[in-house]
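Naming follows writing order (A, B and C), and every chain is counted from residue 1.
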Amino acid sequence: MHFITRTARLSVAAAALTGLVALSACGGSDSGGSASSTDKIGVSLITKDSTNPFFVAMQKGAKEEATKNNVDLTIASGKADGDEQGQVQAIENAIAQGQKGILITPNGPGVNSAIKKARDAGLYVIALDTPPDPADTVDITFATDNFEAGKLIGQWTAKQLGGKPATIALLDLFNDKVVSVDYNRDQGFLTGLGVDTKDAKKNGDEAKSGSYSGGSYSIVCNEPTQGAEDGGRSAMENCLTKNSNVNVVYTINEPAAIGAYNALKAAGKTSGVLVVSVDGGCAGVKSVKDGIIGATSQQYPLKMASLGVESIAKIARGGDKPQNSPGLDFYNTGVALVTDKASPGVTSIDTAKGSTLCWG
Amino acid sequence: MTVQSATPGAAAKELARREHTTSQRIQHLLHQHPALSPAIILLLTVVCFTIVNSRFSNPAALSLLVQQTAVVAALAVGQTLIILTAGIDLSVGAIAILSMMVTATLAAENGWPAGLALAAGLVLGLAAGVLNGLLVTRIGLPPFIVTLGTLSIFTALALLYSGGQSIQNNRLPALLNWTGEGFAIGRFRVTTGVLIVIGLYVVVGFALSQTSWGRHVYAVGDDPEAARLSGVRSRRVLFSVYAVAGLIYGIAGWTLIGRAGAASPNAIVDANLESITAVVIGGTSLFGGRGGLLGTLLGALIVQAFTIGLSLAGVDAQYRLLAVGVLVIVAVSVDQWIRKVRS
Amino acid sequence: MTATINQPGDTALQVPILSARGLVKTFGRVIGLDGVDLDLFPGEVLAVIGDNGAGKSTLIKCLTGALIPDAGQLTLEQAPITFRGPQDARAAGIETVYQTLAVAPALDIASNLYLGREERRPGLLGNVFRMLDHRGMRDRAAAAVRELGIQTIQNIQQTVETLSGGQRQAVAVARAAAFGSKVVVLDEPTAALGVKESNQVLDMIKGLRERGLPVILISHNMPHVWEVADRIHIQRLGRCAGVITPDSHTMTEGVAIMTGAANLEDNTST
């Protein structure tokens, strides 16, 4: 080791680390069939990453539709959530291959200029799940209406309470960033419950007590969970310490809900508490079936992707372009309320049906 | 006016005899017992927040404080060892998650017996630490850069291996969930995981303060060349620190399963920063050679106490982030003041 | 290549306790030692002098295991020996005080004294639990410091960084004196010291000689060297320019050889 200079050491290590990272990234993007016959229409699906089950579900939905619709599908993604460069390369590949359209869940504004190049070259670009910033960077966005998703579980909760006072714990996503999914679901829930949200783009600004559609309410806490089980547990524990009579728990997603339930169980407080969530992955639907979650709003990533593939195929064959859903600035791919305890006046599907539609 | 003739040595005697100011006395006391500073801050924190909301000091609430701190406290043990050697470890959480996901997957999906699966996960944690150690001691890269790289590698491996999905505790064998089992001690509730973490502190603390290995860890962090010239095998000691830390992160992963009620690849998102915060607030110097485990434990408790206290006080979630940041700066400033040496 | 060695009369028949032959050490393109021979006889103080870059520290580090020579052979008590690291030299009985002192500032005096050779508690606690004998080490460290006559250190539990430069030097020297069993090597021991403390170190060196411990002393302080050394090995440009004694040459002549202004053959005073 005495004679190996510092520079040599650094180069060897840098090469080794790059090699390892490259190897692990190799699994990330794979090209679907490369032959481009005149009948087949080329479409690229570019997700944020390839490990989040949500995006894996999208890839599955896109592949099924591509087979049905004679579409030549290229699957690509960033190396990880936030990797804009990887997505830019995939976009440029799509342009070079003369494809007809791109479906993308953007990792950030760094992909906007590449998207513009694609549109200028005649490709139709659809954003999935997350609208880009600004929204008109793409031709259209197919997304879940997260506000609607929250509203459904809010309405369900209001009916389930049957006039009882609501002592509410709000388990949000972050406290160090503001993202649309966070405030849309939270504020949607409160709106569905009948609480005045004041600013619908801001969590935590509503009055701590007042009345909801069925009676009086008090909001005990707004706690961040990071969308995971351990965060959900700590958040629920802190809410219970503030007020041990919480009977309504809104959670940002199902892993957080499971953590919250474990906290309630450890405190011996599970009876009479309504836990609601959003997502509708298969694990989440099972939690509803097991009684851990009372109701969850199910979203359809597979549908987003397959609708996207279908739309591009249609346009390429001379059909109409898709339009925004009425009253929204995106195309709503729909949510459904999944619960085994239906509330009157709130449309829902049971867990059996939910399991057939679930993703992940 | 009489003029006193100066006798030689009179000034020196006078200086030695002069009463030290209270501030200097406090400084000296805190210098002798470094963990006293975070202990006082913790006490003040508990007192102040109890005044704001008396529920803070309920046995139930204090029990929750300890349970919530356990996982980060475990991670911070390994981090303390590494920071004592003037290094830093950014792959802390990633190793814990990787170890945990492998254990859970082997048990739930591949049908391995629980003990074997757990052993495999712990060995993997150890191996990850060994990788870090080799890169630092053999290739000679700075620990910041090594662990920055391995952070990405281990995180990616964990995500790829698990498919991003959690494995819930109802699919896991009892041994893995054991760390989540709670029981009462008087009016307090603790989990087995908490006891394991306390045991970790006792064992590693003993090694640090009572064995020659511990002395060598401090010496290597303080002045690696002096240690080497004194006959300490610096490279071996440094390597051992990273390896041991990796094993500790694996144990932390096991306690996380009990805490979260699931093996989740998305858990403990901010583990790296939180473990470093605990170490720093506890008084261990980032330059190595000074500090200890007791301070780290207190540091971890202080941060969590702040979080809970502010939540109970009804302070907005965003402000809590601000508060923790201010806390770190105040704690380190106090520590700097204490270290100003009186010669 | 060594020039004629001038030895005090009765060492002509003695066997060296430590010998080096043909030591070579290079650092990349820089030649540190270019074939150096050295002999240390029992019960003597051998001073090594030389200009900056002459190779004094490199020579010492090769003798004490801090550096591994590229070529050459070391002999200790007539047996050939190789050191793979500082711990090997220490185990062989050679204690060194390096120029940088090699003390850990954040550790206390006792810890520094025992660094790398900590003592464990007797019995079960020491063997199974490997617990250190803190109190014992502290007491023995205090005794060692007192024995050297170092009055100025008040509290043995002080961390070394709170000590003055001279006190730190004293701790390092105390360590070498306490543990040295065959050879003690001192690299610039009086460099940072005032007059009183320097004299204490010189007295201590003489005391080591009286105990029968040979001492190798690197110094650029010629008065100190001429006061305490029995023989003086002159290093110049990676080679030995000669070995003289305080009687055979004056300080000025010694310095002249050291800087190359003169050769050994030129000035031999009778």
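Quick notes
Throughout what follows, a contact is a pair of C-beta atoms (placed from the backbone, for glycine too) under 8 Å apart; a residue touches a chain by one contact, two chains touch by 3 or more.
For reference, the UniProt names are A = Sugar ABC transporter substrate-binding protein; B = ABC transporter permease; C = Sugar ABC transporter ATP-binding protein.
The model shown is predicted, which means the values in this text are computed figures rather than measured ones.
The innermost chain, defined by the distance from its C-alpha mean to the mean of all protein C-alpha atoms, is B. When every pair of chains is scored by its C-beta contact pairs, the maximum goes to A-B. Each chain gets one centre point, the mean of its Cα atoms, and the points for chain A and chain B are 34 Å apart.
We define each chain's centre as the mean of its Cα atoms; on that basis chain B and chain C are separated by 42 Å. Note: centroid distance chain A to chain C, computed from Cα atoms, is 71 Å. Across the complex, chain A is touched by residues 53, 55, 58, 60-61, 64, 67-68, 71, 135, 138-141, 149, 152-153, 156-157, 159-160, 163-166, 168, 182, 189, 256, 259-262, 264, 266-270, 307-308, 311-312, 316-318, 320-321 of chain B. By the touch criterion stated above, chain B contacts chain C in their complex at residues 206, 210-213, 215-216, 218-219, 222-223, 225-233, 289-290, 341-343. Interface residues of chain A, counted against chain B in their complex, comprise 1, 6, 9-10, 12-13, 17, 20-21, 24, 27, 49, 51-53, 56, 79-80, 172, 175-176, 204, 221-224, 226-231, 233-234, 237-238, 241-242, 255, 258-259, 262, 266, 283, 360.
Listed in rising order, the residues of chain C touching chain B in the complex are 66, 85-87, 90, 96, 98, 100-107, 111-112, 115-118, 120, 129-132, 161-162, 164.
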